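Listed after this line are the structures, all set down as structure tokens.
Each of the next two complexes has chain A plus one other chain: chain B in the first, chain C in the second.
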Partner chain A sequence: MSKKEKILFRAAIAFALMFAVTPAVNAMHIMEGYLPVKYCIAWGAICVPFLVAGVISLKKRVAENRKAITLIAMSGAFIFVLSSLKIPSVTGSCSHMTGTGLGAILFGPAAVSILGIIVLLFQAVLLAHGGLTTLGANTFSMAIAGPLLSFGIYMLCKKLKANRKVSVFLAAFLGDLFTYCVTSIQLALAYPSEAGGVAASAVKFLGVFAPTQLPLAVIEGILTVIIVMAMESYAKPELKAIGFLKEAR
Partner chain B sequence: MSKNKKTAAVLLILVVLIAVIPLFALKGAEFGGSDDAGSVMIEKIQGEYTPWFTPVLETALDGELPGEVESLIFCVQTGIGVGIIAFIMGRFVERKKWQNMEE
Partner chain C sequence: MIVVDKLCYRSKLRYVNASEKFVFSILTLLFCVVSRSLVIAGIVFAVNSYLTVQKGKIPGLLYARLLTIPFLFLIMSTLAIIVNISKIPLDAYAIPVGSFFITGSFQSLLFGIQLIATAMASVSCLYFLSLNTTMTDFLRVLLKLRCPKILAELMLLIYRFIFVLLETASAIMVSQKSRLGNKDLRTSLDSFGKMGAGLLLRAFWRSNALYDAMESRCYDGEIRVLEEEYPVRRAEIAAIAAFELVLLGITIWRKTL
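For the complex of A and B:
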């Protein structure tokens, strides 16, 4: 490692630690034991096909091109970092980002489901954050639904020939927000209001999550743009290998 | 400085501002997790609610994870992520430098 890199590395860690020590217990994800059993099982079952598709897609990627591994590792690490940073928001409470947008844009939503569940397991087991019983529901919202939307938005922008930075931002931003919309709906399905049923309940949960998440989704969008910019300037061969950049120079 | 670097710098500053401003704008706010707000909402809708399953770790510890230790584990999580990203990015940056020198 060069001296410059060492300094950069230390600065990066210091930067990360600065955010990580924000002393907030619990943010996002549905908490352990807060979802009735049948919902836990149902969401878990829904996730299974996506996870299987994820394993297949990751295996195929790596078989196609060994170079993909580095970018897969980076996407996974990106989720690790972003979902550990709890950031204060305008509503006076803290929440954290998902970080799944990057992987979704690079490798498609199926691959991200695997990367996402690793992070969710880590947090559920070691941090009592999220939970093992709610793992299915949380995986669905954070590692499947959000990335699916990110991927869709990115593809749409690509079709419309939008600026790449703008597309990346929109994909990550909306994917993050959508994750929490899905969380709200999941909670609402399990806890419908007496008056108004599921819809009224969903609005109530959204009212809790959405305002907090909005600025964080903006941050997530920006950070994803920055890392994509860095990859574009330093990891061109890899990006070409996975088909993110076109082969022709 | 190249245009890309400038954009990145501006964006990073923006990120820090978005993250820090609420802290100063809302002095004295609690900044608890919005999960807690979620469970409060569940109680509002459902009445009293007792979670039917406690986290494995809390069962093993007979109580909640101490806040300091929790922040430690969060740091470990961040550290793992940042470590991987910095390592790979570092290699990429070096590689580009060598490639430029050969050309």
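For the complex of A and C:
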């Protein structure tokens, strides 16, 4: 090969590689640098009270039982690993779980807010899902709003004595959908449409992401049910240790 | 397993003082986002890519591949910004659909391009930090910034556990694959769920064992490790300051225009 051919060959490989990699369909992390500064700051500020509450509850748990620290850390690592693995999907694109619904059901919303921000930071730095400037907005949608709704629905279903599988599915599925709606609204607030303002823009964002996010939410729901059911059938003592299954059913 | 984590240990810029790299990328990132100008985005993208690929010796192809990760989000959300559905056609383009128009203005097209450029430049800042700084150095910088101790400790532990769990997960997935655990969607969903449950169970066992191991080595609520200090170099600080001043100058110039 002459030098020119070599360069051409390399360029062709580079070109092919650029397109061979399927872009990750993740649970709508807003990418680095996509939000204007004032929105980055505002969403970060909104997260602060939740995070403070999370740190306080964490400190209390660790003071009560020092062993809790490794357990909480393992739970955080578990959420990260689960969200970094490719899940089977219908379309063949590579998509990821959020694991926040599962986290909210197992560990409660206070712990998930802290674990969530740490996991999101790691995802930004290690996987380039999300970013440092958009950490606040992503934390609000994925580690606070979604898990709170999941937890609420799970508790509600428990009160209504709904079928366990149905309640776990609904909690994870709706939590995921809610995260996607919140993210769309966050984007719409930052970028109102020229024709129709914030509301029209929100509809556009919801529409654009619906084809990837709706199947993802269903799959997340199903996976969460399988995981929780499997855990209940052969890990009862461990579940008691983290406070899940505290009240004897 | 995690490409970025592997690469950052190979980087030639790994032993540059971590605080310097942190300050450089965060300030540059801020200028990118604040100014939203094509000029700054171009400069920042070029400088970061040069530093990462030429100075840091991160393979260029891998770097290019990593840059495409957020592509789908970028394309789709930018589409949502520049495409409008309205009864009145705007100036750039207008495709009639029934009584409505799919339309957009030149201003929003320009805005979309600016947004894409800013976002890509910001991602290059993020990669400069993560491809040239190891996570432990990064966490140490966070600790210096007075991040609560319990958080820093939790992060250190989580970072360590990620690899332990990833290894377990991939071993489980390999054995599932070898037993036709992914033959169709139904089976693969079931396998993935069971892998998750098995993984969580292992995680709990491990956390118990780990706590015992830590306690037997006198753990009393704080993990103390020796730090390796990499000296702050004057020339590097001067270069960073000069670069940020240039960016500041351009930002002010573009804003007052």
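What to note about this one:
Operating definition for what follows: the second predicted complex is superposed on the first by the 181 of 249 C-alpha atoms of A that agree within 3 Å, B and C clash if a C-alpha of one lies under 4 Å from a C-alpha of the other, contacts with A are read in each partner's own complex, and residues count from 1 in each chain.
Assume a residue touches a chain if its C-beta (ideal position, glycine included) is under 8 Å from a C-beta of that chain, and two chains touch if they have at least 3 such contacts.
Keep in mind that what you see is a predicted model, and the values were worked out from it rather than measured.
Legend: residue contacts after superposition of the two complexes on their common chain; A:L148 is shown touching neither chain B nor chain C. Of the two partner chains, chain B and chain C are each touched by A:L127.
When the two structures are aligned on the shared chain, A:V182 is found in touch with neither chain B nor chain C. By the touch criterion stated above, A:Y234 is placed in contact with chain B and with chain C alike.
In the superposition on chain A, contact is made by A:S95 with chain B only, not with chain C. Once chain A of one complex is fitted onto chain A of the other, the partner contacts of A:G196 are limited to chain C, with no touch recorded for chain B.
Using the contact criterion defined above for the overlaid structures, shared-chain residue A:L223 touches chain B and also reaches chain C. In the superposed model, A:P215 lies in contact with chain B only, and not with chain C. When the shared chain is aligned, no partner comes close enough to touch A:C157: not chain B, not chain C.
Common to the chain B and chain C contact sets on chain A are residues 13, 17, 21, 23-25, 28-34, 36-37, 70, 73-74, 76-78, 80-82, 84-85, 87-88, 90, 119, 122, 124-128, 131-133, 187, 191, 193-194, 201, 204-205, 208-209, 212, 219, 222-223, 225-227, 230-231, 234-235.
Partner chain A is touched in their complex by these residues of chain B: 4, 7-8, 11-12, 14-15, 18-20, 22-23, 25-26, 29-39, 41-42, 44-46, 49, 51-58, 64-65, 67, 70-71, 73-75, 77-86, 88-96.
Contact residues of chain A toward chain B in the complex are 1-2, 5, 8-9, 12-13, 16-17, 19-34, 36-37, 70, 73-74, 76-95, 119, 122-128, 131-133, 165, 187, 191-194, 201, 204-205, 208-209, 212-213, 215, 218-219, 222-223, 225-227, 229-231, 233-235. Within the complex, the chain A residues that touch chain C are 13-14, 17-18, 21, 23-25, 28-37, 40, 55, 58-59, 62, 66-67, 69-78, 80-82, 84-85, 87-88, 90, 102, 114, 118-119, 121-122, 124-129, 131-133, 187, 191, 193-196, 200-201, 204-205, 207-209, 212, 219, 222-223, 225-228, 230-231, 234-235, 238, 241-242.
Across the complex, chain C meets chain A through its residues 2, 4-5, 26, 29-30, 32-34, 36, 60-61, 64-66, 68-74, 76-77, 79-81, 83-86, 88, 90, 103-105, 107-108, 115, 118-123, 125-127, 129-130, 135, 138, 148, 150-151, 153-155, 157-159, 161-162, 164-166, 169, 173, 182, 185, 188-190, 192-194, 196-201, 203-208, 210-211, 214, 221.
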